[in-house]
Structures are given as structure tokens and as C-alpha cells.
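Below is one structure, written out as C-alpha cells; the observations come after it.
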Amino acid sequence: MRFTDLLAAANPFAAITTVDAHCDLFCGVYYPEQARIEAESVKNCSVKYHDSDDDVFRARCISIKEERAELVKHHLNVLWTDYFKPPHVAEYPQLHDLFWRATKAAGDAKKTMDVQAGDDLLALIDEISVIFWATKGGKPAWLTS
Amino acid sequence: MRFTDLLAAANPFAAITTVDAHCDLFCGVYYPEQARIEAESVKNCSVKYHDSDDDVFRARCISIKEERAELVKHHLNVLWTDYFKPPHVAEYPQLHDLFWRATKAAGDAKKTMDVQAGDDLLALIDEISVIFWATKGGKPAWLTS
Amino acid sequence: MRFTDLLAAANPFAAITTVDAHCDLFCGVYYPEQARIEAESVKNCSVKYHDSDDDVFRARCISIKEERAELVKHHLNVLWTDYFKPPHVAEYPQLHDLFWRATKAAGDAKKTMDVQAGDDLLALIDEISVIFWATKGGKPAWLTS
Amino acid sequence: MRFTDLLAAANPFAAITTVDAHCDLFCGVYYPEQARIEAESVKNCSVKYHDSDDDVFRARCISIKEERAELVKHHLNVLWTDYFKPPHVAEYPQLHDLFWRATKAAGDAKKTMDVQAGDDLLALIDEISVIFWATKGGKPAWLTS
Amino acid sequence: MRFTDLLAAANPFAAITTVDAHCDLFCGVYYPEQARIEAESVKNCSVKYHDSDDDVFRARCISIKEERAELVKHHLNVLWTDYFKPPHVAEYPQLHDLFWRATKAAGDAKKTMDVQAGDDLLALIDEISVIFWATKGGKPAWLTS
Amino acid sequence: MRFTDLLAAANPFAAITTVDAHCDLFCGVYYPEQARIEAESVKNCSVKYHDSDDDVFRARCISIKEERAELVKHHLNVLWTDYFKPPHVAEYPQLHDLFWRATKAAGDAKKTMDVQAGDDLLALIDEISVIFWATKGGKPAWLTS
């Protein structure tokens, strides 16, 4: 059984679209960058919070961070359950635990204004990103150029 | 180290609220019933779709099912990353994979009007529910009475 | 005229799906438990607020309570206008006022950190729940078992 | 007891803001026009649906109408439970039933492409609007000029 | 080329609906009043904030203002890109800059509890409203009566 | 007056955070990649639509495209009114019109399944991206590496 057949078997989209040797043709649009960008906002909310002594500004930092961390969780969940397929998990056995810790890190970042929580979250998303782009064979030119 | 200490160590809420031997005092409000109720809607959208030959009604079945399946995914993700802690995963090593398959089943149920997809989703949520209520020591009276 | 005919007359879904003697076949999926669960979160936000002296945590209690109370209002509104039909109102003449007070109680619970506001909200939802399950002839087994 | 005292007693905002003889000073911002505008969209989606034979356009009419009708329900619910107070209900005993029928009409308008459903919804919102503006003593100049 | 032809050329809806001399027949439902109403909430949140010394109430003023200002931005963006067409911009060359400043004013109003920020926002929306209703040939009777 | 002073004058955040010669210190987190990624989804929905003859799949392509195009509009609006400041507009006088056409292109892409509409949208976002990264002095390493 070829790798693409394995993916097709695991992916309901495969039944309704043309399948060939390139994952991109039926996987849709997934970018760990979406989670990463929101995680930068999460971190920045904590940085700016400590740079300010304005009560209104600080209250906004707390609530905007909450919202952005929720978006991180959403983007991570999409990657984990929509993009990744059983063959990926077979190749990267740490995948489930990595996503679990990253999503928990997003939740933890809601609960504190400690900048370290944002850095921890970014580091975990970067680990996911390395795996993701390895499975895709590299980033597209529009992103890197 | 006691079980509650382990939980406390894993849960940032624990640092800011009173911790005692009962998980409920600091875990917040979690119910797999939330995912289950939306999954019933998912299934019913497929059932009703096949019972109707009205084009407008059928279009609404497709889009309402989409929305409800998305809510299932959200509720499952909250349970997986907010409620469950490392000691739970140690006790139920199938937990990550079970949530992954359940969330994927919610995604699959978006892609088809086959009633079986709704039944599969319900069955996986029920598996999660059994584990969840075991960790809580049973359902509260308001739910069962 | 039979009771189910009355319901069918009042319910546009009835025109497009098979109608028989069991309400569930065309009523869709309604559970007062959805409002109740969010109302527990509302109450817990106030409880935890008073248990903490961390400013960031307390700010989060206020905003999460706001969001959860809004969800309570939404779930109550769905029950009131989607599930309940004229024959129900004829049988339970207090229904409109009960929903009005419950929804107002959700609004009131946004405005205070008094735990009593959460308890008042829960009590009103429980009143609605008793009526709801009476009209359904009892809870399903999956909920109570 | 003066009328404003009655309102103040019923309205938690009253405890925290200056109360005088004019309701507007503590009622916040409410406009039945918000529901009316979305209801116009609801109606127009049905009108345009029948003017077109493009499948994609018609599918969009169905889903946009669904979304707009949901917004009508939301705006009506806000008016009913946030703006209106017990003295209003005493003066307009039809208020609960009127809102119930209007919100149901929004739900009915989701289920059909019949333009009449949009007209029925608009007529019920206009009935609410007449009562609303009577309780406010007239529309503000910015709206009518 | 007639004015309506220009509008039709610029508006994809024009290709799928009947076009005649009145813009309303294909422009859909647009009202600057939607932005104005949310902007009143924005202003009122600041007014009420200063009238209160209750920490919970003030925290809610900040977050509700944030949410309402976001809705203002959304409604302005819909007007700017969905309603206004190239011939409008030709006639009102200040349009782009006016919308830019109004949307920025909504963003600015998030960042301060200064009531002036709400007044500035309202003034810019009123400028847009004058242009909008000029292009429509006047407000409909339901709004002004 | 230095460039950063101009930016600071135009940006309310500048008053509350440390300002130095690098825009990033007070501009927050902005990436045109967010709009671009959603625009890829918009285009792919049209591509997949034509590759399929499954009615349910095609209905989902229409509604998912609608949702993704709305996200494109949101991300573009954030860039236009939150990131870009008067000095940027002075340097790039086409900026307002470019954003207007890009946002309209997102609206147009909702209305058709023509793949060209997705390509047009992507091209306009790329134009914005070139300007954006020029104002930032280049992409960060995490994006390009």
C-alpha cells in the first residue's frame, strides 16, 4: 500500500477529490503560522502589561490575551485533527502529547501575565511547525521570499 | 505525593484556589454532555435530511450540521486540554488517541449525510463520557434525577 | 384534534418531516442542561473571585462570567422560542414570565460578583427544567445512567 | 412610589448610576431598529432568491437569511429582557406574547423562502417598535432628521 | 453610460438581479445607523465608567466598550466595501479617508475611557451618514416616522 | 520631527508604551499572511467545487468560502486601520484604494465559484504584503527560515 493510499484511507476528503502523490492536492489549507501569530500576540499582551501602569490598558491586555490564546487553541486543534493523519502519528509518536502540551500552554498563558508563559507557548508551536513543514516537504515560496 | 498534589501541580488554577481531596473544587465546570448534545444535533441533521425532499430544508441540514459538528469539536477540545491532567493520561493511556478519533469523527460527520457518521461520533463521545465520570466519581444528582 | 396535530400546526418543522405520536421525531434536540451547565460556570466565577486576591485572576472571573451568562441567555431563548409551542403555554401559563425572569437573572448575574445571583439563576433554570422534562415525559437514559 | 423608583428597583444598573425622571439616563442603548434592519435582510434574501436561477446565489440566500434571522432573534431577546422592566409589562400585558411570536417569526423565516414570512416578521417588529418608542417618549432627532 | 450602468458594472449583485434606476433594488440592506447605535454604546460605556466607583462595573465598562467598538468597525467596513461603489468615490473623494479615520476612531475609543473619544467617533459616523443618505435620496419612512 | 515621532503621534499605543526607533515595539502583531492564508482557502473552495459532483460537498464549498472570505475582510481591515498610519499613507498614496479593492475582491469571491476571483484576491493581498513588509524592513526569520 502506498503512502498516499494510507492518507486517502484516513482522509474523507480523499474520496471526493483527485488523489495523487502530493498531500497538498487534497489536504486543504493548513499553516502552523496561524497559531504562531496569535501566540505572538499572547506574549506581547504580557510584555505590554508590564510596561504600563495604566489600569484600563492593563485590563485590556488581560482580555485581549484571553481572546488570542483561545484562537491559538483553535488553530492548534485544527492542525491536530484536520491536518494530521494516522501515518503522521506513526512517524511522529510524540505528536499527540506535543499538541496536548501546546494547547495546555495556551490555556496556561491565559492564566498569568508572566512573559515566560508566552515564550513556552511559542517554543511548543515551533516544535509543531518543524514537524508540520517536514511532512509538507518545505514551506511555499510566498512565505519565505 | 498525593493524587491531588499531582493534579494541583499540573493545573494552574490550583495555585490560586483552595485545594482539597475533591477534584470538583478547583476543576471548574466540565460536562461531556455538552459535546454529546451537539452530536445528537449532528446526527439528527442527517436523519432529517433523508426524510425530506425540500431543497431549502436540505441545504439548512447541511449547514446546521456543519455548525453543530464544529461545536462538538470545541467541547471535546475543552475537555481534552482543560479538564484532563497528566495523572488521568497515566491512568487512561488511550485518552489522547480517543479524543483524536472523536474529534476527527466530528470532522468526518461534517463531510457526509450518512447517519452512521453521527452514530460513530456519539459512540466515541460515550467512551469519553465513561472515563470522564469515572474520574469524577459519578454524575451529580441534578443530572440523573 | 390530537395533541400532536396541535404541535404540528404550531411547528413549521412539522410540515417537512414525518409526524407521529412522539414529540422527539420533529422537535429537534433541546436540553435545559445546556443553560444549567453555563449557569454553573456563572456561579463558580463568583465563588472563585472571592477565593482569590490575584487581580488578573479576578479580572478573568468578571469577563468569563459575562461570556457564560450570555450563553445562558442564548440557551434559554432557544428553549423558549424554538422548543415550546402554544399548547405548552396553555398548559403552563407561567412559562413566559418564568423565562423572562430567568433570562433577566442571567443578566443580573453579569452585573455582580454576589454568589447569590448565580444561585438564583440556577433555581430558575431548574424550574424551567422540571416543566421541560414533564413535556418530554422524562429524561433519556443516556443522561441519567 | 414614583415610576422611576419602580424602574430603579427592577434594574440593577439603577444602583450604580444616577437616576432621575428620564429612563434614558440609566437604560443604556436600545433600538428596535437593530432587529428591524436585520429583518429587512431576512426578507430581501427571500426576494432575491426568487429573482435568481443561479444555484450558488440561491444557496447563499438561504445561509445569509439563516444568519440574519439569528441576529433578529438576538436583538429581540436583548430588548425583551434587558430593556423592558416589570412596569412596562404591567402597562403592556401583551408584551411577552408579542416578543414570543416575533422571535418565533424569526425562526419561521429561517425555514422558508416565502417572502410573506419576512413581511410577517417585519410587522411584528413594528408592533414592538411602537411600544418601545412610546415608553421612551419618542425617537431621538438623529434618527428622524 | 448611465449612472445605474456604472453601478451595475461595479457591483457583482447587479449581474444576478434585476437592475433599474433605483439603487435599492440591488444594493441590499445597508444602514449607517447600525454603526451609530454601537458607537452610542461605546460612548456610554465611558460615561458610566466615570459615574461609578465599583471595580467590577468599571471592568465591565472596559470590556463591553471593546466589544462594541469592534462592532462599529465591522459595520463601517461593510458600508465602505459592500455599499459604496466607484461612482460614489468619484463623487465623494474624501470617502476613503473619512472611513479610515472613522474606523481608527473606533480603535482609539477602545484605548481610552475619555468620553471625547466616543464623541469624536459619533461625529465621524454622522459625516458618513450624511453622505450615505444623500446617495440613497433620503431615509425611509419607517426610520423617520 | 523623526519618523517614529510621527508614528507615535498617530498611534495611541505610543503614549502608553516605550517608543524607540523600531516600529515593532509599539505596533503590536500584524501579518498580511493571515489574510493570505484565508484567501488560499477561498480559492481552494472554488477549485474543489469544480472537481466534485457531490451536492453536499459543493454546498459546503459555498458556505466555507463565504466564511473564509469574511475572515479575509476582517484581517485586511485590521491591517488597514490598526497597522497603517498617516506617514504610511503619505508614502504609499495608493494604499486606501488598494485595500478597498482587495476587500471588495474578497466580497466578490463570495459571490462566484470562479477560481479567477480567488486568484485576483490573492494578487491584491500580495500587493499589500509587499508594501507591508517594506514598511517593516523585511520578514522575521521565523517566517522565512
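Just so it is clear, A, B, C, D, E and F label the chains in written order, and each chain counts residues from 1 on its own.
By our rule, a contact is a pair of C-beta atoms (placed from the backbone, for glycine too) under 8 Å apart; a residue touches a chain by one contact, two chains touch by 3 or more.
Quick caveat, the model's predicted, so the values are computed rather than measured.
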{"item": "Chain labels contacting chain B and also chain E", "value": "A, C, D, F"}
{"item": "Chains contacting each of chain C and chain F, listed by label", "value": "A, B, D, E"}
{"item": "Remotest chain, chain B as reference, centres from CA atoms", "value": "E"}
{"item": "Type of chain A:chain C copy interface by residue overlap (half), same or different", "value": "different"}
{"item": "Farthest chain relative to chain F (centres taken as mean CA coordinates)", "value": "C"}
{"item": "Geometric centre distance via CA averages, chain D-chain A, whole Å", "value": "40"}
{"item": "Chain B and chain C, separation of their C-alpha mean positions in angstrom", "value": "20"}
{"item": "Distance from chain D to chain B - Cα centre to Cα centre, in angstrom", "value": "35"}
{"item": "Two or more partner chains touched - positions in chain F", "value": "16, 57, 59, 63, 111-112"}
{"item": "Overall pattern in which the protein chains touch one another (line/ring/star/complete/other)", "value": "other"}
{"item": "Each pair of chains that touches, named by its two labels", "value": "A-B, A-C, A-E, A-F, B-C, B-D, B-F, C-D, C-E, D-E, D-F, E-F"}
{"item": "Interface residues, chain F side, partner chain E - complex", "value": "12-13, 16, 73-74, 77, 80-82, 89, 96-97, 100, 103-104, 107-108, 111-112"}
{"item": "Chain D - residues contacting chain B, complex", "value": "59, 62-63, 66, 110-113"}
{"item": "Of chain A, residues touching chain F in the complex", "value": "16-18, 28-29, 31, 33-34, 36-37, 40-41, 44, 48, 51-52, 54, 57, 126, 142-145"}
{"item": "Chain D to chain F touching residues, read off their complex", "value": "56-57, 59-60, 63"}
